[in-house]
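Some structures are shown below for you to check.
In the two complexes that follow, subunit A is the common piece, with subunit B as its partner first and subunit C second.
On to the complex of A and B.
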């Protein structure tokens, strides 16, 4: 029987959230949480693999106490157990610090993991980095944007579509795969499943100390990136009217737009003045 | 006292909403217009325990609490009230009496089938001359050997056209020669059990409401629910529970109509600005939102009493009376906000408006609810 870990995330339910100008992070408390859509596909992939090959599925998330909700939902879908990494000290972690913490938790809780599945990306930050970075943390092979997974013995074949090429990758367990949203359409949650997920479901909570994370690993100290500024790009159209005799107007036109036009067509243009 | 939804209730709502918006929203207008019972969607709902909401897990149900069950009906009705009706009648008045009054053998035989949705249930009290006056049932059940022979006609039976199991109220003569009503479990396929044409109703048109006919229909005596003469007791208890379901349904309709109105008021431009910027429209929306919220709290309060094992009949009637009245008012305002478009089938509020009305009529009219409430209040001791 395989040991599958699915890393999932709770994201805000609306796409446009206000930014905190000071920290450069999203004001997540402004919206209700939901499971990141791509994570549902990863759970579905795990469930289908379990139906085919037999497996125990652990879902894992890092977030505030409310993130427990997505673990319950995953257990309602059919996962066997959940792990919640929750600590104020981990708030504001970037993808590097997040994958570091997830890596520690995977090593501690599911040391004999065979396959780690993640959603390809999250709907709130869309970096698609945590999956591959977690594979680096665990020093295992990884494939991103998988559409299909086949298992044969201790080997896995992953089919994916990248840049319009369909490629099949082969790797040995343990390995990590991020699942695309093209396939593995997530099943609906049954109410009996939801009842079960609140009735004695196995959810373990870990804090930074449990993961043996030193203060140097934590929070901003652990985060390798810093958001310097967040802004919404403003674009506006401007109507410009150039008047005057044709030659004068053409000269003025080129004067204004020569560089822009050159940039678009990819070669320098120059006005030839006629006497 | 807890006013904020717990994690479980949030997830129940999110799951039911996701299903309703994915599966029912695309077909709601069409199944309403052409009176179609969407069997393929119903089949998917079976897998997800929509037909065993409060049935214990060992009978294959979801074992939900009453607020969760109300949330499910609310969310279905927010999108498609006719399917909300199918679910609430099945769970609230067809399955519930089995949980309360059936003996072990009856539970064993029927609850699995009902909870899985393999069999759809109906509850049938209303007759041509017995509606609000539930004591005037004329259908008879005459003891004959090990059976009862049923004769009579039931009308306006929700789920009537598709039910496999119907609870039928009929008069039986008791040993003291008095006639009293009793409840019988009648299965599809019993000889002499026939269905009428589907009713062509104003609203809830995707629900197969029909008449049921009993012509010398032989029902084995082990299909008597409770004891002979228990009809009134079973009926009143079941209707208390059914009223929670209809309140939830009315609430869902009101919520759907309100959300549609908010969206429309933001988009619709008149006098070169959205109509939402007009104070009159804002007042409508404020009233709709406030009353819908009040209705919701009243309903959940009745649910909480029920789960605590306390008497909840009066509160269920209050919730049903208030939620249905709010649904009628909110859907009427929703049509008003939509103007001429709201009166056309192009917009969902026209359907909400038609669906809302019947929530003031079935499972006890608003007039009967007031009677039940007043009786309860006036019978309380003076402090």
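On to the complex of A and C.
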């Protein structure tokens, strides 16, 4: 039986983002959270691998106390247990610091891990960096954008599409894989799963001290980057307005833009000459 | 004597687009180097790489660090990591820029981690202070927000950069560069991720994420039959159909077509948006649409304000007329 760890993240729901359009600042802590969509594909991959080969699935996240919600959701989908890394000292960690803390937690809680799965990227910061950096932290091989995973003995094969090359990679356990959003479409949560996730769900909480992270570690392995400011992209669009009866508007639209559309689609578009 | 400042660009050249972003980065590196008096250095590793050494010289590199060896014939993240780690440790560059290709976005995070330094992802803007602090502008929330990121205390400063953002310098084959041909260091690790097979995908895999034209529809299409006609327009324009969440829930479109926060992030050259109000769950997926045509009865809808062209009309009516008019005008 394999030990699979799925690292997931709670991200703010964009509808809930309390941003101030004037200053362009964002109060993330005030936003409602949800599971990052790509993480669900990683959980689905873990569940399918468990169905095929047998496995114990631990879901792990780092975040504020509310991040426990995504662990419960993952357990409702079918994961066996959850680990929440939660400490004020870790707030605002960049990918460098995050991968350090996750690495410590994986080593401590699941020392005999075989496979680490991550989503391809998060919908908030979109760096796609934590997966590869966690592999580096654990000193294990990794493959990003997996579309298909096969296991034979203690060796896995990963099929993926990178830069328009189809590749098959082979790695021995332990290894890390980030899962493409093109495959492993996440299943819906069943009622049985839902009640399991609330009724005696096995969720363990760890703080920085539990991870053996002393203040010296926090200096040495703290964030390397700093976000100086966050702002809303200003669009300088012309915003041309067309009104009138639909037939007239459609003709007017094409009269004005058929040349540029034609250039994009590579087909000639031109109005019939009046005879 | 103070150390010569240096800005490095990693030579990513496996396919045409990867090579273009390398050229774009060289151009940006030349700009940044001008501000701080640095040299621009391209790192090219692989086998039979003279072509790239010449090209990167012609496109602005002052120095080329190259390692040419048969054992580097195929792209290997782990080989490249070991080589770069060694070169960076020996030479201590100030900045390393890497294209945000699939390869770069897997390679750069591991390199940054190994070098114990910071990395920003998929930058759409780079600037530099006279003191040499790299201001890295990276998108978040589907491009709706931008973050300015700096690495203050650690070196090198590293960024991956989105393809197509910077303009390459026209080539100049009269240019010269210092080309250092370095031997393959001994003790290169055996890659633990072994490439069993690889082949160029016959055709660029068609997905809505890489479609050039996308026709999106929302609740304003009124009913399923009207919605189905969007695929007729998409067909005429060689595009794909996208949908908002209410439409997917209503069963007018499959989940694969869902565009937005919970679905696909798209970057078409032309986006048609029919009967979509522009709730942020949807627009979070549209950060990179080049040219937006919105059709809505309500001229005040967010989508209409975001658009390059906003047509105030019933979405279904306008769609039918546009299809009829296009059929008259389109030639093969």
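Methods note: the second predicted complex is superposed on the first by the 211 of 275 C-alpha atoms of A that agree within 3 Å, B and C clash if a C-alpha of one lies under 4 Å from a C-alpha of the other, contacts with A are read in each partner's own complex, and residues count from 1 in each chain.
Keep in mind that, in the parts below, contacts are C-beta pairs under 8 Å (C-beta built on N, C-alpha and C of every residue); 3 or more make two chains touch, one makes a residue touch a chain.
Please read all numbers here as calculations on a predicted model, not as lab measurements.
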First (subunit B), second (subunit C), both or neither touched by A:69: first
Touched partner set for A:226, first subunit B, second subunit C, both or neither: second
Subunit C versus subunit B, contacts on subunit A by residue: C
Subunit B versus subunit C as contact partner of A:51, first or second or both or neither: neither
Partner chain in contact with A:170 - subunit B first, subunit C second, else both or neither: second
Touched partner set for A:202, first subunit B, second subunit C, both or neither: neither
Overlap of the subunit B and subunit C footprints on subunit A, listed as residue numbers: none
Subunit A contact footprint on subunit B (complex, rising order): 7-8, 10-12, 14-15, 18-19, 44, 47-50, 52-53, 57, 61-64, 68, 72
Residue ranges of subunit A touching subunit C (in the complex, touch as defined): 13-15, 17, 19, 26, 37, 94-96, 99, 123-133, 135-137, 140-145, 157, 161-172, 175, 182, 185, 223-233, 235, 237-244, 246-247, 249-251, 253-254, 256-258, 260-261, 264-272
Subunit C - residues contacting subunit A, complex: 14-15, 17-18, 78, 101-103, 105-106, 108-110, 112-114, 116-122, 135, 138-154, 191-201, 204-205, 207, 212-213, 237-239, 255, 261-263, 269-270, 279-281, 284, 287, 291-293, 299, 305-314, 317-318, 320-322, 324-326, 328-332
Contacting residues of subunit A [partner subunit B, same complex]: 32, 34, 66, 68-69, 72-73, 76, 188-192, 194-198
